[in-house]
Amino acid sequence: MSFALRAGETLGLVGESGSGKTTTCMSIVGLLPRAARIVGGSVLFEGEELTTKSQRELRAIRGRRIAMILQDPMASLNPLFTIFRQVAEPAFFHQRLRGRSLRSRVQHLLKAVRIPSPEWRMREYPHQMSGGMRQRIVGAIALAGGPSLVIADEPTTNLDVTIQAQYLDLLKDIQRETGVALIFVTHNLGIVAKMCDRVAVMYAGKIVEQAPVRELFDDPKHPYTRALLGSVPKLGNKDPLYAIPGQPPNLASLPSGCAFHPRCPEALPRCADEEPIDFHPGAGHAARCWRLDEHAAASHGRSHS
Amino acid sequence: MAAFIARRILYSVVTLVILSGTIFLIVRLTGDPVLLMAEAGASTEDLARIRQQWGLDRSWAVQYVTFMQNALTGELGKSFNYRLPVSELYFQRLPNSLQLGLFATLISLLIGVPAGIVSAVKVNTWWDSIAKGVALLGLSIPGFWLGLVLILVFSVSLRWLPTSGAGDWRHVLMPAVALGWYFAASMLRLTRSSMLEVLGSEYIKLARLKGLPDVVVIAMHAFKNALIPVFTLAGVNLVVMVNAAVIIEVIFAWPGIGRLLYEGIFQRDFPLVQGVVILAGFMIVGINLVVDIAYAVIDPRIRLTR
Amino acid sequence: MADRILEVRGLKKRFPARAGLFGRPRGWVKAVDGVDFAIHAGETLGLIGESGCGKTTTSKLILLQEPPTEGSIMFQGRDITGLAGAALMAYRRAVQVVFQDPFSSLSPRMRVEDIIAEPLEIHTDLERAAIRQRVAAVLELVGLPSDVAPLFPHEFSGGQRQRVAIARALATDTKLIVLDEPVSALDVSVRAQIINQLEHLQRTLGVSYLFIGHDLATVAHISHRIAVMYLGKIVEHADSDALCARPMHPYTKALFEAALPSHPDDRHAATAVAGEVPSAMNVPSGCRFHPRCPATMPICSQVEPVLQPRDGGGEVACHLY
Amino acid sequence: MRLAPPMSIRSRREAPLAAVVILAALVLVAIFADLLAPHDPTLPVPGANVFDPPFWMEGGSTAAPLGTDFQARDILSRLIYGTRVSLIVGLMGTLVAGAIGTLMGILSGYIGGWVDQVIMRVTDAWLALPAIVFAIFLAAMIGPSMWNIIVILGAVYWTRYARVIRGEVLTLREREFVKLAEIAGASKLRIIKRHILPNVANTAMVLASLTVGVVIIAEASLSFLGVGVPPPQPAWGLMLSEARPTLLAGQWWLTVFPGVCILLIVLATQLFGDWLRVKLDPQQRNL
Amino acid sequence: PYVPSAAAAAKGKIVLAWHAGFASRWLDPQEHDGTATPDNFFWALHDGLVKNQGTKLFDHPALAEKFSIAADAKSATFTLRKGVKFHNGDPITAQDVKFSYESYRGAKADVFKNRTERVEIVDAGTIRFVFKEPFLDFGILFGTSNVAAPGWIVPEKYYKQVGPDAFKQKPIGAGPYKLVRQEPGVKVEMEAFDGYYRPVHTKELVMVAVPEAATRVAMLERGEADIIYNVPGELINKVKSMKGVTLAPVLSGSFFLEFVNFQDPKNPFRDTRVREAVSLAIDRRGMNQVESGGLGKVSGNWINDDVLYALDWPEFPRNVEKAKQLLREAGYPNGFDVDWVTPLPAFYSRGERVIAQLREVGIRGRLQTMERGIFFQKLRGGLKEFPGVQLILHGVRIAGSWSFWYEAYMKCGGSNSRDRICVKELDDKFDRYEKSVNPAERKKLAEEIQRAILENHYLVPVYRHAFVNAIGPKVAAQKWQDVFPTITTGYAYPWEDLKVRD
């Protein structure tokens, strides 16, 4: 898979559970579990190759230049340390701030994520915060090192709708103020619609379609993307939903050819044997589907159902 | 917090009542102490006299009530054998037992905790295998055998250490190793599994994502969280080592509480056995309280919510 | 849709919070604080609200997992709060539930056929063969081949498990199924399958649903009527279409505003509602939404509004109207 | 960039071969002790002396290949029969402890309320009672015998099951399949039988596999204190404990052979238990 | 003759490692429990009017310079040695003797109380005990170690002042050693008393309790202990081989077999031939060799020969063939089963040997083990605790008189025999013995009874075992008897005679 992202841009990474979103993010920052390893490819960050860097060099990048917001705000704060300490750590280790300057830095960060009375709140512990506040604190930690890229891995799945809306707005504000680039991992197309400039759709560990957000919603090229869009209920619309048949595949035993072909309503015979390649139906738009192959399109296999 | 501690104390009292009742029954069901106090040819009148002298002629219920009444005033009765108040005997032996228990705890911690951490951090490497091997050995060698081998090697053959008895650090070394060895294994296992659990948590992931040095992540973030169960086990183990290190104390002729208990049991020294077990119970309860409070110090969730 | 299968009146549930030394509660969590609603045969009632507003507690009360502190629950015209013996069993047989987590709601040590057969074993004295037949039939109903019966849950995907859970709920002649966020744990592509399946089952079997969720679009899609809950109270209820067309309570409005766009062009700016749901232990005075309400008035902090009929059917509890 | 396919997880590894082989061998030896042992384990070897060394040493003979003990009995035969005794003690002790503990844990966790309180307080009290007090108590009540030792060890070690199982049940009780059964009208007994018990079985199994070794060592310790499996039964712990003075006298074979047997079985059960734990409990909670 | 500064010459230190934990009550002769163990402490810290020493049974004058027992055995008069003192410097007076006697509450206290009419202080140095009736055993009971201790003197003033319990913590006596420090149950440290009337040779005497035998031997090997008690059979050869170490196999208790309820018609042991067969089956020499390193004694009588009127009896032969023959004659050609063979705890290995030997003649027994306390309790419970066909292997040491043995283990209703054995005609004879005041008649009766028991194999003697101790190189001794000279005990007193090698 490949994707690229410019400074200040927001990329949405959409896909179902287990499609490899988290793994992708973790491999960018070089923190795959012990059992996993990158078998090929490269990660270029501000012109530097990350995959070949040692853990030591990566450590200097993690937290400082690339930060990450994890999915579960309840679990991602250490219960035994104060908010101050946890927010301060990146600045303490990376910028080597101490004493008063460290304190004011932390206050500034907490203010930035709209924590009320930060000088008082930072002395408290995570369990004293509500879920929304915790998630904002995790955001503050991400910002602490002054990163140029923040990867947010489903940061709002456990939040209430109203809190989620607040948080998403906050992220946007911060992005506007600091100009960080954002990779937004989610399975919710609504969030993508709200937040992102570009979208990459993942299926079974691969990016199957990538496009600017409007283009993707208006003119999805990959059948999976289309199906996904069709399966989401919309307010004020009570028509039966479009249900993708079958179940998401198990990554350990992927179908041959295009991984989506067993569930695909438009599958061609070749889909079962040949892995599709990238097609570029428009500027900045890429999709991996044999249907986009001109010749194949001419000789329709099955028709759209 | 106060209510929390109060509730813990209430639980402890219930525990102690159950404990005292159980031990009271058990010692009485195991036979007549008077026969062991008298000579082989003692007459029935002799026995009756001794029985009366110690209040053993009264009904169990009366004996129990008296016992509990006295216990509440800190009076655990007088040992048949030593003719000393049980509490006095206990506290005479306590320093020795504490010395042994603390040394052994230290040894078990020094072996168990670092090895457990290494084994968790380097899980499934040969470090891990070595650590697990050590733990297995610890669990599979009976303490008395290890004790005698130690005496054989370090006292008899090498002549480095005294064989037995209490005294300076050289005396405590072998019993502490023989005692701590077994507990080191359980310490190792526990440290390992609780470290593994913590290391897999989201907040450790986040700590790594912050770009913190591994040492900080493991020593500060992970270990502090993994400490709590280890702490509890160490506390309970300490109490066991202090109060019931029977075998090691016998092998090394260590003048501790374990031997007091051991001899008390075989002599049917009711007040002594009851007293030691109840004081041990107190200690368990006390240690648990200390551990609970220590939790509260370590863990703000408990400190503030309970 | 005239016959009310379930009717709830003045339902309240308080939980003691932080018991003191001798079990003396230091406060009360008013999880459900006076709720009325009715479900008609063959109808779906959607229950929506933010986390902690008492949706699950309401369902627990209906399922008799907790005794209500106050109020009554009528099932087919009969109060069920004091039921025992055969009448209770009859109720247990008619009302089933499907939970959110398809991984936790099936016992990992039981075969699918035994899981589905359990209510049958409890409530009927059918022969093994008959039970097996019934199991096969309900599996068919939820779109699973009947040869999966002897498998264990871990051999299924999330969506399939949820189907098994639904099949179990249908095993007896069920009248009402409580669905507590049945699709929130599922993959996006599978959600639609389950929702379609549920709708299909309702059409063919005529069961009623109490559908609990917090995704507005999903609830609106499946429900005939929707009740909006806030801090243990229903603040607005109406027909699904009417509610979507014109939410009236500021809280309902806030929910709609916070809902995510379905297209990038629908993006709207910062939401009107601020802050988070207060704790159910100290419910604000007056209207419980007033501290967060963008349209709050002095009266809101003093007088608690009651449900009043609203335009387009349904009721709303707000001083604005 | 391509990612490696899902990583093969080591925890799925095969059962530890060594452990399985040792355990299987011990079980076979225990079953066929009568066929394997050259002599009666409780009677002197005719013609042999006390403390004959193993056959390869000077003064040893093949009549008693691993030497003789203080009663001129054949050590090999005693070890072979001892496998039976030690395995029975280890397994049955574990079983008794497991049965009591699991029952207590389930009652405590599932019924809750004062039942829970009582059981937990009893557990606390039990933990404070030294095993030896129990041992002598039971020996006094019903006389010392292998079966009493089993009961004693069961009575001592049930608490660890009770605690762990209770914890497990507390979470199980909140699990949705249990709620579902309750809502469907299942009785408590049915829920315990069909839903709770099968789901704590794994935990109990893991605990059990880790307890066998502990029980065998505990038996040896009780023998040391004179309240273990009574002579002349050839339990390894008893052999080791009876022969301990000879360590000093240089008759190493008397303690080393039973010692090695104990080491082997504890090692094997622990290895097996570790494997089982990883297999059945991938989160590796603190059992 | 009183030597004022006898202890001035005392030097060195001897450490004695014990096989048992110490009980503080052992430091108070007033509560003598009638066993040998406390005598260790009495002999160090206290002194009696008379005591046994060497081969003298009870008539060795100690605090008493001389004594006499009236011919009619109705009174006994003792004259105190002059100038003797307690450790605190107080002189020992006749009043202390009277007090000690009258307030004595240990073993056999009831016997003394019942039989004594009064205690007269004749003058400051003379005291007379007057009995209600002839009290022939008075000397034995009064002066033999290991029996009773009303003749051991405690300081009345001090004893009353601190009370019995505190006395046990800080006893003050008249013995050769005074207490320096004790850790109850663990250690007793003593120092030579320079006011003792006999020379005390060693300055410091320390007793430590070391329950584990191997550890004691290791201590001896390391020089941490100079005398150790109770070397187990397994380690006798090892200790023998240690340099400078002397084994001290003191003859001790007697092991013998009891046929429980043998008079029962259904009991195979009812037949004298069967009992004889058991006797013939026992390999007494082998047992002695293995269990006691050959240091015990294969005696004929089950009663130790160091007590009054003990009958000397030749060793019983071993003859497996004859035993089998007798069993055949008795109608047991294939032998029979014995339900349980119960040895005195924890001498299980002796029990196992007995079983193995009986097995050779066809008698099949199973070992029954029990904890020591339980065993004694069961003995007292009588027949109901030993149903069926049972054998008990007793190991007993009772000092003083043969009659104490008979009373405890043979007499119907005896303190240990209870209802398991009842031989009416012997008991009648024993009654006559008890009533008799004629020593010659008593001796005759005693011998008749003992002979009857042995000839009829009512009890089967096994052997008299050695209580094997070991003496380290530091202790000056030519032979072990120099350190363990006293009969009727297995212990190393009199302590004042112990000497450290120069």
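When the chains are written out, they are named A, B, C, D and E in that same order, and each has its own residue count from 1.
Here, a residue touches a chain if its C-beta (ideal position, glycine included) is under 8 Å from a C-beta of that chain, and two chains touch if they have at least 3 such contacts.
For clarity, every value in this text was computed on a predicted model and none was experimentally measured.
Chemist: More C-beta pairs touching across which pair, D-E or B-D?
Modeler: Looking at contacts between chains, B-D has the larger number.
Chemist: Give the label of the chain whose average Cα location is farthest from that of subunit A.
Modeler: Chain centre farthest from subunit A's centre: E.
Chemist: What whole-Å value do you get for the distance between subunit A and subunit C if each is reduced to the mean of its CA atoms?
Modeler: Spacing between the chain centres: roughly 31 Å.
Chemist: How many angstrom between the C-alpha centroids of subunit C and subunit B?
Modeler: 52
Chemist: Return the distance between the CA-based centres of subunit C and subunit E, expressed in whole Å.
Modeler: About 87 Å, centre to centre.
Chemist: Quick check on subunit D: which residues sit in contact with 2+ other chains?
Modeler: Within subunit D, the residues that touch at least two other chains are 10, 136, 140, 244, 247-248.
Chemist: Where does subunit A touch two or more other chains at once, residue-wise?
Modeler: Correct list: empty.
Chemist: What parts of subunit B, by residue number, touch at least two of the other chains?
Modeler: Correct list: 30-31, 124, 148, 152, 156, 250, 262, 266, 305.
Chemist: Under the touch definition given earlier, write down the residues of subunit B that touch subunit A in their complex.
Modeler: Residue list for subunit B touching subunit A: 123-124, 201-214, 216, 221, 224-225, 298-301, 304-305.
Chemist: Which subunit A residues qualify as touching subunit B in the complex?
Modeler: 29, 31, 34, 55, 58-64, 67-68, 70-72, 75-81, 89-90, 93-94, 125, 127-128, 138, 141, 144-145
Chemist: Across the complex, what residues on subunit E touch subunit D?
Modeler: Result: residues 213-214, 217-218, 232-235, 237-238, 290, 345-346, 348-349, 352-353, 355-356, 359, 367-371, 373-374 of subunit E touch subunit D.
Chemist: Where on subunit B is subunit D touching in the complex?
Modeler: Against subunit D, the touching part of subunit B is residues 11, 14-16, 18-19, 22-23, 26-27, 29-31, 124, 132, 136-137, 139-145, 148-149, 152, 156, 190, 193-194, 196-197, 229, 236, 239, 243-244, 246-247, 250, 261-262, 265-266, 273, 277, 280-281, 284-285.
Chemist: In their shared complex, at which residues does subunit C touch subunit A?
Modeler: Contacts found on subunit C: 50-51, 157-160, 187-193, 195-196, 199, 214-218, 220-221, 240-241, 244-245, 254-267, 269-271, 273-274, 276-277.
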